[in-house]
Structures are given as structure tokens and as C-alpha cells.
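Okay, got some structures for you below.
Both complexes below contain chain A, partnered by chain B and then by chain C.
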Partner chain A sequence: MSAQRRAAALLALLAAALLALPLVANAYLLSVATLILFFAFSGQAWNVMMGFAGQLSLGHSLYVGLGAYAAAGLFFHFGIGPWAGIWLAIAVCVAAGAAIGFLAFRFGISGVYFALLTIAFAEFTRIGFDHIGWLGGPGGLFIKVEQRQAADLLNLRGPPVMFYYVMLALAAGAFALCAWLLRSRAGYYWQAIRENEEAAQALGINTFRWKMLAVVISAAMTSFSGVFFAFYYNNLFPETIFHISRSIEIILGPIIGGIGTLFGPILGAAVLTILADSITDLLAAVGLEFPGVKQVFYGVVLLLVVMFLPHGIWPALARRLGLDRKS
Partner chain B sequence: MALLEIRSLGKSFRGLRAVADASLEVPEGGLVALIGPNGAGKTTIFNMAAGVYAPDEGQILFSGRRIDGLRPDQICAAGIGRTFQIVKPFAGLSVLDNVIVGALRRAPSVPRARELALGILGRLDLAAKKDLPASSLTLPDRKRLEVARALATGPRLLLLDEVMAGLRPTECDQMVEVFRELNRGGLTILLIEHVMRAVMALARQVVVLHHGEIIARGAPAEVVRDPAVLECYLGEDAAI
Partner chain C sequence: MAVDLVVNVALAGVLTGLVYGLMALGLSVIFGVVRVVNFAHGEMMTVAMYTAVGLFTAFKLDPFLSVIPVAAAFFVLGYLLQTGLINPFITRPEHSQFMLLVAIAIIVVNGLLMAFGPDARNVQVDYQLESWAAGPILFDKARVYAAGVAILASGALFAFFRYTRTGKAIRACADNYLGAKVVGLDVKHYYALTFGLGSACVAVAGCMLILLVDVTPSLGPSYTLLAFVIVIVGGLGSMGGALLGGVLIGLSEAMAGLFIQPSAKSMFSFALLILVLLFRPQGLMGRRP
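So, the complex of A and B:
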């Protein structure tokens, strides 16, 4: 019980700090914090599939991209705001996830082959979007940038601090949702499937149905990342948003933080983003600016974590803090 | 009436006949052992009853309803629990969580499943180890966990696939006692077993399978004296 209370205290402290952050942070820090929350949220969404249900997706950029294009397309052409657009984004992502899941699980594709299938879908969607002129094709889709001090939440147009709070709300919501899922029937079934699918099925679990649910929930969650991305950055290119490097960026956080844990994706996103940004800045300060330094850094961190903390940073940290009982 | 009825079951793998025209019945409340030398087709029959694969010929009826060709989860839902010869614990989960997964088959909520699971862990002497990760258990405990998980689904028939294999004689005797008690409580059991010590102590009826065909059936003491059974177990070695 006391471990649980300590975890709750830690959570409350974290929430308070995050809520108060814009009061003290400058524009740069705020943008870094927003990015951390973005990756924490996206990592949390990916974690539902891989961390909970054991289904490795290396193509989550597909859902980011589809979600982004769905909402941005509606806004660009019809002036429909993101809160209406999100429903289309969710629908498109759920349909894509369900299609991939159905193909894979119906025909017994699992493990690495499943991962390859997710990459394949993301890749051909990327190439496909190059040929959709209505959404800008390879030239990109741009949402009009307006300098506004007043936050227009309805259309997600406003100052950076508004985006920060929107992303914070999303990340908090994802955390709460995942915490609830993990303790529900779905959480138990997913973990059983992750640990041993054959045994899970022998215990009466319709593994096809529950794996599909994991994919669909993960895809629906990730569609929010896409919508946020579109309205935060105001530009979309198939070449970047569907690119596999975006998928990798999403999954690095939970892998480094701790796959299958609730705090792992948050911690991983924070560690990676802060360290990567400081290193880039540091090198820039001493005049050693070269492209790809971030990726090299990601590689090094991943290597270290895999070697020394194979379960990620969070489980080890939780033991240190006396928060053991998986939180 | 027979709870499980296997009618002239047949199964081939790439032309190799694993099971041919095998029929057997497990009465309600019964405790039947299926024995035979390696490669006799025991596990094939077991897997067909558990829904791992569908038979080529014949039928399987569970309390009068055909279940052959159903998926393993549907078989479980019908009321048949199974264990695996090579234990398959959910290694990363705690012992309790392992059993909760099984209990959720019949419990309407997680808290209710937890209650059921705790009760079953008590019956199998695993209560003290409920918070340990399943990966840390010893083999006898893993076998117990395998049984606990299957029991948690609330089966009417329990299929046991060589649960005694790898256990020391004393551990084996403890397991025998567990199953005897479960059977007394009304649970029907069909076990595949190599360990004759357990078969003789447990089974009320023994069915002997050899080269995919049933060559003898009856009370344990009769079956082990049957010349055909003796030949299939000992004769082949003697011929070498």
C-alpha cells in the first residue's frame, strides 16, 4: 500500500510541476517540454500494443500521419476544426489498424513478421500520399499560421503555451487510460497473450479479438498525436511524417523508459529529449554542428540501456524509490 | 452418461497416421488415464480434444455437444481446462496474476477473479508464493500453477498432459493427492501420463494407445497384466 501511496505522491508532484512549468519556462524550454509530452503520449499509445499485448509495431508513423492528414485536410479545405476532425482521424486510424491487425492475426503473422507488416503499411502509405494532390502531395500541406496571443482552443490556433497545456492534458489522459486498462480484464488478457499466447488461448481468451482491440486502441490514441502534430507544426510532408524514423522516435521512449510500464514512456521521452537537445546545443556551442548527431546519440543511449538496464530505466528507478509493485 | 466421448477419431500428419479409429469415453466424475509408449498418439488425441487441431475423422462430444474443430478458447469456454506438458507460465506476471487470468473466464470482474484465484492458490498450496513472479517458481510449483490456472477457468473436465513428468516420487505423490481430492469434489479428469506410479494410484480406468490405436482398456491392475500391453511396452526393446 505504501508503495502505491508513494507512487501517487510522485504523480501529484509531477502533475503540479508540469502545470506550473509555463510560469517559469521561457519559450525554448516550453517547446522542449511540449515535445517531451508529445513523445510521452505517443509512446504511451505504442506501449498499449507492444508493452501490454506484446505486438511489435514499427510503423506507428502510419497513425501519426493518417491522423494528421485527416484533421489537417478537413481544416484546410473546409475549415472544419480539429475537434471535429479528430473523429475522422480516429476512424481512419482505427480502420488502418484493424486492417493490419486482421491481416496479421487472421493469418498467423506474428513477431518480426508482424513488425515488417507494420513497416510495409507505413511505407506504402508514405509513397501513396505523395500522389494525393488534394492533400498537397510531396509538396506538403500547410495550415495558415497566425500570430495570435488569444488561445482559440476550438481551432487549436494560439500561443505555444496553449499547445503545451493541450499536450499535457492528452498525456495525462493517456496515462490515466493506460493505468485503467492495465488493471482491467483487457490488461490481464493482453499481458497473458504477451507472455504466452498458446497458454492464454487455452484459458479461454479469444486472442484474435483481444489483439485486435490492442491495435485499434493504440491506433486511435496515436491519431491524437497526428492531429496535434498537424496543428502545432502547421506543415505536413508525407516524406517526414510517415517516415520510419518517426516510428523509431516514438518507440525509443518506452523502450528506454521501460516497456509495459506506465511511467516508462514518460521517463524515456523526458530523458531522450532533454539529453538529445542539450547535446545538440552543447556541440553547436563549441562549433561542432553536424546533421545526424541526435540519431547517433539515440543509438548510444539505446545501446547502453539494452546492455545495462534491459527492462528500461523505470523498473530500476522504481526499485530505488521503493515503488516496486509495478506502477 | 459420458462427459467426454471420443468417437472413432483419426488424424494423419503428412500421410503419417498418428491416430486411427480411437474411441474412448470419460464418464462424468471419472478419472481416466491414457497411456502408451512414446509416439503412440496420446498427445495427438489430447490436442484434438483441447482444440489445438481438428480431427480428420470421427467426432468429439462434450456432454452431448460436438466440440471437434472448435478453437482452444471455445473448448475452454465449453468447460474443458487443460495443462501443458511443457509448462507455459506467464513468466513475467505474479503467481496470483497468472491465476486471475484463468479466473476471469468465469468471473464478471477483476476483484471477483482475484477472490476466486486466491481460493484456488490456497487449495494448491501456492498461497504463500502468490506475489512471486511465475518465472521464479521451481518445476513442481510451476506444474501446480499450471493446474491452478486451468482450474481457475472453472472446468467440468480437466485434461492433464504429463503433469507428473520431471517430478520426484514424493512430489508426484503430492500431486496425486491433489487430483484425487479434486476428483472427489466432482471434477472429471482425463490424464496422459508416463509415470506409472501416478497412473496406478490415480486412475480408475486406463486406456492404452499403441501406434495410434487403442489396444487395451480396463482397470489399472488388469491393464498392466494384458499381454498386448506388455508386448508394446517391453516387446520392442526385446526385439532389438
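So, the complex of A and C:
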């Protein structure tokens, strides 16, 4: 079997398992699976910018937060559901991404400086939202939980299973979109820019335009994460949603899984979430539930992966399974 | 608003800013030579602050005395960190280095949380509440001393890089990695020395800052961000720029706290950062990369 067909078979198997999961999983398992899909989706979105086009963003919490507040604000004040709110969220995030991209790329900011600029915008917005009373300020914005039984898809009100399937659909959609993007003209231009921007420019690629496209697509995708987050957790605080640790949380998955790959963000999200949860359980079992213990383990695992698997887990695993194109 | 109040707040801001500047100087020196952005910088700062608190509570050691052993210990720690963990990463892509240092930062923040809990710690010495008065203008004793030590330490570092052979060798490694190797310099050793020196700067700054603010484990990431803002405003890799940036940020924080709201103070720092990145990306005193 060729690598491509084996990959397709694996994908079909994974999709079937994920579709059937709510039939067997209990509430706890379902929440973990939803979380994995959430990080897989967000990581996929970030990967478009960094993995495909080579632009390191450390401020993706900005788009999560803006998307969340856009949709939640509409719902909270005017009762307009996320089916409309998502468009506002996308518009706001695209505008923010375009503004940052335009300023950075026009002024020739790249590499570390670009990464720090994205942090600066996210932090600036975080503190700004602390001072917007209309959206709850530092006290947070809370969405009413009216019912948890019937699935009301348009308003994203319903049981956890509904959220699971919504997130699964989003993650599958993001995967398909990324697979298509990677093989499209944009994908090839991005990879050229990622590998050597000057050479790409010399070949006549308008690097400014294609980098902008990457930022805008990534921001628009991440806005979905924000809307989902707002309606899944029903509460929003600038302090947590815009915080740099959320940006780091999002990018850990793809980096651990394998930057620039399609399966990397999914695998990374699964590994990290399962690891974090099993560490919590393990520590609870041995009675070591100090605050911070879990994160220290997390840090150590991260350190080991970065040191010994510099390209992430997926490329190594793919070679083992005979799924990479070279084999 | 009374003029003397504004002057007093501005003065306190500038003095604190000098301590910030020393912290940022460590980051700037490390980036300027090793070309690695130390994402665990603020976390190292909180470790220094906790060490000063520990020495104070255990041995009644004044932070002005503990600064020497803490700086020495941090120098060794920095040297080992560079040789053990970071040197293998200097040829890796930026995001890989970033992940390494983020991992270290996560371990440090939560290690401190495990060891000391989330409560704020500080040191209390008698001169903290004293001040000199020059007419209506008050000079906070602790702040003046802290700023003085920051200037001394920065001056010593300037002199080291300018006049000593080792300092020159380090600058050679920073200017031309390959060239330094060709003339027979042990680049990795000098990188480790630089990381040690940068860590020692953080240690001194931490011992001074503990006299001015309380420390909690969660302060680490905000100091990392603060150090980034300062060095970018001043110019990454420029030593004078780090001090200038520190003073500017200290001043802008103090003014924002006075005129607008204390909670909005870092918003102005980030706004300043965005403006500098856009209109003078090399920083106020940096050279074009």
C-alpha cells in the first residue's frame, strides 16, 4: 500500500472512532476529547501562519479573545446567537490580523521582532479589555445557561455531546482546509517564503501579499476557537483569555506534534491533553496535589520533547508507520 | 495636580526604571551575543528575589549584602544552563529555542509555586521607609540605593566589555561567529560566560527590586514581558539602550499610574513598544539589523 493510501485509511479509522466516541465515553472522557479537538483545531489555525508560512506568532490569544468577546458580547447584550456572532468574530479577527500583518510586513519586521510584536498586541488588548465596562471588565462576562438538554445549534446551547460534535466538525473542517491549502498555489508560495523569503521574492512571489493571506486565514480560523470557548465555558475574563499562557497553550500542540505537518497539531493536542490529565490523576492518587506540581511535570516533558524530538512527534512516528512520502 | 507630586512620582519611576534597566541589560547582553531570546528572564528574576527573601529571613542578610553571593551563584547557574541546555540549541530555529526556554520558565514558575505558595513575600529593612528631602522633593532611600547599585553594576559590565580581553573576545563572538572560531576562540565557552553575566545582572536587579516590590511566583512572566519591552524600546543588543529603555518604561509606568489608572500602566508600555517597533524597529539606540 502506498503511503498516501495508508494515511487515508488511518484518517478514515480516526474519523470513525471520533464519530462513535460519544456512544461509549462517559461525561469526563467526552470533555477531555472536546478539549483535545479544541486544541487540535486552534493548533491547526496557528500552524497555517507558522508551519506553512514561517511567521512565528506568540499572540494567538488575541484572536481567541476577540472572537470570544465579539460573539459573547452580541449574545449577552442583544440576544443575537453565535450563528450571527461568528461573522462579527471573523470580521474583527481578520481586521486585527490584517492590521498587525500590514504594520509588521510593511515595516519589514520579522523573526523574533515579529513574535514580540504579536505578544505586544495581545497584551495591549488584554489590559484594554480590563477597562471596557460594557463587556464586564476584569469581573468577566457571563453567558446564561438556559438549558442543557435540547441541542440548539444556532445558539450553541445544549448538552456536552453537541459541543463535542461541533468541535469535531470544526477540527475536521480545519484539517480539510489545511490539506487543501498546503497543496494550493498559496501553500507552495508559503513554503517557499518559509524556507527562504529572499529567494521567494527573487522568483517574483509577492511575499507581502501571501504572508498577509496566511495571517488573515489563521486569524479567521482562530476566531472560531474563541466563539466556541465563550459558549462552551459560558464565562470570559480578559485576564485568562488574552493571556500569553493561552497563546503558549495553543502553540504547544503543533510544536510537540510537528510544525508544518497536517497530523502534528492533532497528535500534539492529544498527547498534551491526555498527559496533563493523567498527571493530575496520578498525583491525586499518590496524594501529591500541590499547586504547580502538574505544570512542573508538563514543563519537564516539554523540555524532553524539544531536546530529543526537535521536529516533533509526528515526523518520527510517520517514519515508523511508513507514512511519510519518502518511504 | 500639584507639581511636586508629579515630580516625586516621576523620580520614583526613573529610579525604579534603572533597576528594570539592569534586568533588561541581562536580556540584551544574552541576545546580543548568543542570539537567543531568553524567554525565562523574568522567571530567573523572581528566583533571585526569592533567594534574597530566603537569605534575609534565614540569616537577616540585607539584600545589599546578599547581592554578591546571589550574583555569583547566578553566574554559575547561567554558565551551566548555557553549556548544558542552550548551546545545543544555538543552531536550531527560533521557535525551537523559544520552546526550550518556555519549558524552563514553566518549570521555574511552578517550582516556586510549589516551594513558596502563591502568597507575596518581601523583605523589611528599616531604611525602606526613610527618605531624604530636598525641599518638596523626596528621595526614597531604598530606591536611591537600589538605583545606585544598578548603575554601578551596569557600569562594571560596560567596562568589562570595553576594556578586558575576555570582554573583547565575547564581542568578537557576537560580531562574527565563524570569524571568532577561525581565530581560535572557544565560542561556546564565551557564550556560556555571557549567559552567566546576563544571569548575574538579573540576580543583582532581583536583589534590588525586592526592596521595592513584593514577589509572587506569577510575577515571572510579567517581568519577562517587561524586559522584552525595555530592550526593544532601547534596542535589542544595545547596552545603553537597555538602561535608557528601563528609565523610559519606569517613567511611563509611573506617569500612567498617576494620571490614568495603575492597572493601565503596562498598556502604555506596550503601546510604546508597538510604536517603537513600527517606526524605529531597531530600537532607540540600536543599529539596523
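Keep in mind that, in the parts below, the second predicted complex is superposed on the first by the 321 of 327 C-alpha atoms of A that agree within 3 Å, B and C clash if a C-alpha of one lies under 4 Å from a C-alpha of the other, contacts with A are read in each partner's own complex, and residues count from 1 in each chain.
Criterion: contacts are C-beta pairs under 8 Å (C-beta built on N, C-alpha and C of every residue); 3 or more make two chains touch, one makes a residue touch a chain.
Predicted model, so just to flag it, every value in this text is computed and none were measured.
Contacts of A:V296 after superposition: chain C is touched, whereas chain B is not reached.
By the touch criterion defined above, A:L88 lies against neither chain B nor chain C after alignment on the C-alpha atoms of chain A.
Taking chain A as the reference, the larger set of touched residues comes from C, when chain B and chain C are compared.
After overlaying the two complexes on the shared chain, residue contacts for A:G204 are found with chain B alone; chain C is out of touch.
With both structures placed on the common chain, the touch criterion links A:V271 to neither chain B nor chain C. Note for the complex: chain B touches chain A at residues 50, 71-73, 76-77, 81-82, 84, 88-93, 97, 100-102, 104-105, 109-110, 113, 149-150, 152-153. Looking at the complex, you find that chain C touches chain A at residues 37, 85, 88, 92, 94-96, 98-100, 102-107, 109-114, 117-118, 217, 221, 225, 228-229, 232, 236, 261, 263-264, 266-267, 270-271, 273-274, 277-279, 281. If you check the complex, the residues on chain A that touch chain C are 50, 56, 58, 103-104, 107-109, 111-113, 115-117, 119-121, 123-124, 127-128, 130-131, 138, 244-245, 248, 252, 255, 259, 290-296, 298-300, 302-303, 306-307, 310. The residues of chain A lying in touch with chain B in their complex are 183-185, 188-189, 191-192, 194-196, 198-207, 260.
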